[in-house]
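Naming follows writing order (A, B, C, D and E), and every chain is counted from residue 1.
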Amino acid sequence: MPKLIKERSKKAGLPPGTLVHIGAQKTEKTKVEILDYDESNLLEKEIETTDECLQFKDAQTVTWINVEGLHQVDLLEKLNECFGLHPLVMEDILNTDQRPKMEDYGDYIYIVLRLLYNNDTSDRIDTEQISLILGSHFVISFQERGGTIFDSVRERIRNGKGRIREMGADYLAYALIDSIVDNYFLTLERLGERIEFVEDELVANPTRSTLQVIHNLKSDMILLRRSVWPLREVIGGLERGESPLMKESIRVYLRDIYDHTIQVIDTIETFRDMLSGMLDIYLSSISNRLNEVMKVLTIIATIFMPLTFIAGVYGMNFQYMPELERTWGYPVILLVMLVIGVSMLVYFRKRKWL
Amino acid sequence: MPKLIKERSKKAGLPPGTLVHIGAQKTEKTKVEILDYDESNLLEKEIETTDECLQFKDAQTVTWINVEGLHQVDLLEKLNECFGLHPLVMEDILNTDQRPKMEDYGDYIYIVLRLLYNNDTSDRIDTEQISLILGSHFVISFQERGGTIFDSVRERIRNGKGRIREMGADYLAYALIDSIVDNYFLTLERLGERIEFVEDELVANPTRSTLQVIHNLKSDMILLRRSVWPLREVIGGLERGESPLMKESIRVYLRDIYDHTIQVIDTIETFRDMLSGMLDIYLSSISNRLNEVMKVLTIIATIFMPLTFIAGVYGMNFQYMPELERTWGYPVILLVMLVIGVSMLVYFRKRKWL
Amino acid sequence: MPKLIKERSKKAGLPPGTLVHIGAQKTEKTKVEILDYDESNLLEKEIETTDECLQFKDAQTVTWINVEGLHQVDLLEKLNECFGLHPLVMEDILNTDQRPKMEDYGDYIYIVLRLLYNNDTSDRIDTEQISLILGSHFVISFQERGGTIFDSVRERIRNGKGRIREMGADYLAYALIDSIVDNYFLTLERLGERIEFVEDELVANPTRSTLQVIHNLKSDMILLRRSVWPLREVIGGLERGESPLMKESIRVYLRDIYDHTIQVIDTIETFRDMLSGMLDIYLSSISNRLNEVMKVLTIIATIFMPLTFIAGVYGMNFQYMPELERTWGYPVILLVMLVIGVSMLVYFRKRKWL
Amino acid sequence: MPKLIKERSKKAGLPPGTLVHIGAQKTEKTKVEILDYDESNLLEKEIETTDECLQFKDAQTVTWINVEGLHQVDLLEKLNECFGLHPLVMEDILNTDQRPKMEDYGDYIYIVLRLLYNNDTSDRIDTEQISLILGSHFVISFQERGGTIFDSVRERIRNGKGRIREMGADYLAYALIDSIVDNYFLTLERLGERIEFVEDELVANPTRSTLQVIHNLKSDMILLRRSVWPLREVIGGLERGESPLMKESIRVYLRDIYDHTIQVIDTIETFRDMLSGMLDIYLSSISNRLNEVMKVLTIIATIFMPLTFIAGVYGMNFQYMPELERTWGYPVILLVMLVIGVSMLVYFRKRKWL
Amino acid sequence: MPKLIKERSKKAGLPPGTLVHIGAQKTEKTKVEILDYDESNLLEKEIETTDECLQFKDAQTVTWINVEGLHQVDLLEKLNECFGLHPLVMEDILNTDQRPKMEDYGDYIYIVLRLLYNNDTSDRIDTEQISLILGSHFVISFQERGGTIFDSVRERIRNGKGRIREMGADYLAYALIDSIVDNYFLTLERLGERIEFVEDELVANPTRSTLQVIHNLKSDMILLRRSVWPLREVIGGLERGESPLMKESIRVYLRDIYDHTIQVIDTIETFRDMLSGMLDIYLSSISNRLNEVMKVLTIIATIFMPLTFIAGVYGMNFQYMPELERTWGYPVILLVMLVIGVSMLVYFRKRKWL
């Protein structure tokens, strides 16, 4: 399970606004990519020094600066200065255990989102912080590690597919958020499959590992909830559109994402309810199995204890035991034992224990 | 259980507004029926090409276009263009895992509803998305599969029974929603019967399958909740009537559906509470039965262990065991055993174990 | 348990406003009683045809029409027409599975209430729908079956006790609602006694039937909640008095009922909490008893298994077993067995198992 | 546990405003004490007839009338008339199962509070209704039984300690409420001690009586909640000060009580959470003990069953059993048995059962 | 666990505003430190008498008075008088079981916070009340015991690091609150480690002490919740900034703390959910182990009971038992026993009990 609170002790006692990267280093080198476009032109390049950013700052074209890797604090600090962001914003970008939020600083909006992806080695869900800065003509996105999440947006910009090239920076921000929210559905699909698999196992043959899987799924659900619930408020806030940076024409698209978020939340809650139900089933199946084990024991004991007792009686060494001397004593006793044994079995069958 | 999140992976990375049908194909062919009526005239036909729709678009008569089957995307796309709907609306119609919602696009209102029906083979509840577009003089309804749900409305239009022929498109939309909500009561009636049946079984003879049925009922309840809870908001929104498309005269009817929705939700919550109670009963009945099994075992062991021990004592081969040589030794020991056995039984009866 | 959703299938597909009585027929004949009074005069009679109602409609005296039995739909329909009620109102009066609600139709207010009574044969709670129509000078009350619930109001009108004869139709409506709410306290008193009885049983000797009674009480509580929760809103709505039909002078009385309703709700919630606690006690008492049964078994087995083994050893037929030939072998072994048995008992007493 | 709903059946069918004392008689005689004071003068006496009250009604001095015992209905009725209270107020004063509430009748405010005290015989919490009437220059307080709860206020008035003699009737009302709320802390202190005691017992040696005590504490907590939750609203209402009877200068004191109430509620909720946790601990400690009992049984059975079987084999009477004739047969078998027994013990130690 | 309600009985019956220190004495001597600074000057000293405070009261420099230890009531009382605080404020400072709150007295704001620290001896969380008084040019902080919590702020003032020396008293108050909230993250980090440790133990080898640790963690979480939840409201209230003492420029910093508080609350809730899940795992692991114990017992009994019975049969002393005289009787019976034992084992393996 990913840590909920990351190494905050690194920062204890430092004045607010001090930049320290909180979280594991996930890429080798911080990579800064720039896409600058309008309806007719497109410039795409990877930059080395942040000085190159300056020229894009006030251009009328839409500029998308995508930063992958957050550990090169000095580089990020320069970027920060270049675009004149508040020190607290940069601090939040580096503290990668934030919950989703939206903060309006007037000139720009700062958005924190959480990307979910399936960790294939552990089959658990992992999470990564993605920060967006939306200005009037630029969007800066910060990812902890490089990933393919924004590839489809990049592709649409390159090909001019859809309306993206005709629209402003707000549409670009929308497209980036949309690709993150769309990704939630893939995560939920995968979770749904895992839940169905467990449900089948629960009916067929529940084992201790089934319980472990249910527990893991529940923990994942807690993590998902934490990542998605606040998103609702974030997108609701953007949609209500108190900021002029989000233009009227974007509203209908934001409402669409809002609906998706509600659907994701709804599905998470449904999954949680289903998992609770499964835990009940699992617990009662343990009890059921105990019942069955005890029945076997009781049947065996109830049949053989009386028989062993009878055998014991005729194994006593009293000198005067008249039955012992009769020729038919032995077969009669065997018959009696058989009758007792069979009637016990009949009794158990009648009580539905067999 | 129907999938909560359908094959969204089909759509990952496509720009918003791309039309892909999400969900299983449930009919062979997409069927488009038209009913066009006013107080005195009625035209009813099935159309092949969507071109025929155009003539109805601006007519002053009320036009109801009912589409069954959503997999012929091209046909739907044309219909869409003809009535000038927003691409996101068409996208939502095709994503058949939506939750109920209402969106006001000014010229028309887009309503998503979920129809519930009892799957007779599995005795579980299934669900289907029904989308409505309400314009000033037309209603378009989209169903995943053909069904009888709208038959009574169709009948009332044909016969001119009730007020439907005198009223506008808003009343038609109300009638369609009403027939869906009325259908919930039938589903709840069936669920109520299943719950009562389980409750009786729980008292008479709870088995593992009883638990499975309770679990299924709980899952169904989760599904129902998901389908009905948001409906309340949808109809509440229509009733508050911010749109001129819903005329004042329709309000009282919408309030009636609103009440029905509340009653459905209320009943679902009551069913949930009852099912929780049943699970408790089931679990405690397992424990009770374990108790009984253990009592049988304990009674048997407590009676026969001491007796077998006594028999064992007199089966020892010591040369000097004076009791063995007495003539009355054997019957006395048998009597002692009988007394021990009977007093054990008396003891258990006194402790209410028998 | 009374059905939550009554035979709605009777109505499926009928246009809104069609009158069908939903629910069991509880009286032989629909009985219509009229009480017409002002401060000085009082007219009381039972009518046969609803034509007689007309004269009371516009009179300045207060008219109370009490209808018992809802299955004679034609008679009710005429009454409806006479007072010019909306078809949906009559439909709701006949659908006797409504939840409490209040609807303001301008000229009259329609109020649905639920009366609770103790079914003496099953010792469970039953419920009945009571509908009130409050007009400017008349109140119409509809009961499913005749009952004594309104007798005290009738008596007060006849005797002119209290302020009822001096006040208008709104005070009459208040008096009727008050007698229904007062009746809830009686139901709660009876429930409280049943709960106390179960609590005592739980301490003294919990059995399977105790569980059944707890379960029944919980189900009753679910029913009560359903009947009383919405009432709060209903009376709150009346008290806020947006309708001129409820005069200012009635407010203080409505606030009093409102307080009573809150107190009833509060008590129901308290009872629910107490019943949950009792279920926990019951379940842990089962576990406790299992523990005790197992202790008995373990004590018996632990004492007699070693002893039986020793007896078995000296029952072996080896030719060279020196102990067997000693004269003191037998008593020494008996002594050893006694020591083992007693020390086991001492051990168990020390572990507090005895 | 005190009854939640008191003998309401006494009142069924009576018109609103009829005065019947609901609750047990807790004092022998109704006692009416008067304290009349301003900054310089103090008059204190016990009165016999309510006629004496009249003179204080309109005096400019602050008058505190304290009534102990509510069963002398005629006396209270006269008091009521003298101060011109609404009949519903008097009814509520006598119905001693009210929840805390505040009602503003313009000329006076009617406040219901609940006093908690520890019943020393049962070590359970009991509750008593205290009603206050705050007029412009008088406060009337009604207690079910005499008690020491207001002694400190009385003392402060007599000694002129604090600001009480300088302030008006509203400060007196505040002081009375404050002494009731302060008393809650004492009750909570006692409850906290009982909870800590149970927690210790739970760790050391949980028994069935531990469960009973937890259950009692939970019931007490339910009662407390019921008594304190509504108080928050009551004092909040007073603090918002819509009534001119509560002067501006009193606000800061009311805010202080409000904070105390919140703290009491908070503590109650914390106690509830802690008690829930304890129940879990108790239940799992029962399961743990069952496990231990079963382990003992299994160890005993697993060691002695094979040994007894071996002894049984050599107790068989076959004529040709070569081992029996060997001289070393017996010691060898004894050795084998020892080895089996010891290896079983070693096995159980390895599995950590010993 | 720290007491939730401290010795309130000390104060019962005293008039409001009486100063009594509620809580344990945690330092030897009350220590009063003063830091007085503006952008260029810094005065730092420890004072003995509160008379020295007076000179700082109206100075235009920022004055921070830090009080450690609350038991010298007379000293605090003088301080109180010097700064003209309301008696209720001083009372609250001394009652160290307050929940976080903020009270605006116009001239100054009174803030109660709770500091959390890990008690290293018991590995449990402890809590301490910290009170702040924010005036226009001064901040007074009250701690129960001396600690290092404010050291970093002190350091920053001394070194002039960050913006603290340039800003006013409101920034100082912010810095103090920030250092307390930052400290919560450290506490949560430690708690997170403890939870992870328990989770590992739960998978590897759950014991009774695991349960105790889970229970302790849950209790700690209850305490944390109590300390942090109200903080949200406190800081929200400061941020909304109805008081002129908190200047506009401070808002963005307060919003930052607000976000941190939300994150802390969020993490607490997540931890609670995780601990609930762990309890379920623990309980089901007990049940699982019981199942395993019972299986061992049942296997042993099922194998040896029939074998012992057979041995018993051939131990009987009947004179005519033909098998006994056959030469091959003994080895055949041994073989039969072997076959029975082995087939039992095979059967159990097939049922997956082995």
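As a working rule, contacts are C-beta pairs under 8 Å (C-beta built on N, C-alpha and C of every residue); 3 or more make two chains touch, one makes a residue touch a chain.
All figures in this text were calculated on a predicted structure; none of them were measured in a lab.
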How many steps does it take, at the fewest, to get from subunit A to subunit C if each step moves to a chain that touches the one before? 2
What are the mutual neighbours of subunit A and subunit E in this structure? none
Copy pair subunit B, subunit C: interface residue numbering same or different (half cut): different
CA centroid of subunit D to CA centroid of subunit E, Å: 26
Mean-CA-position distance for subunit E and subunit C (Å): 43
Mind pulling the residue numbers of subunit E that touch at least two other chains? 283, 287, 290, 294, 297, 301, 305, 308, 312, 315-317, 321
Does the chain-touch network form a line, ring, star, complete graph or other? ring
Ordered ring members, subunit A first, subunit B second: A, B, C, D, E
Going by the contact rule at the top, pick out the subunit A residues touching subunit B in the complex. 151-152, 155-156, 161-164, 178-179, 182-183, 185-186, 188-189, 192, 203, 252-253, 255-256, 259, 262-263, 266-267, 270-271, 273-274, 277, 280-281, 283-284, 287-288, 290-291, 294-295, 297-298, 301-302, 305-306, 308-309, 312-313, 315-321, 353
Which positions of subunit A touch subunit E when the two form their complex? 3-5, 7-9, 11-17, 86, 88, 92, 97-99, 101, 103, 208, 211-212, 215, 218-219, 222-223, 226, 279, 282-283, 286-287, 289-290, 293-294, 296-297, 300-301, 304-305, 307-308, 311-312, 314-317, 321, 323-325, 327, 329-330, 333-334, 337
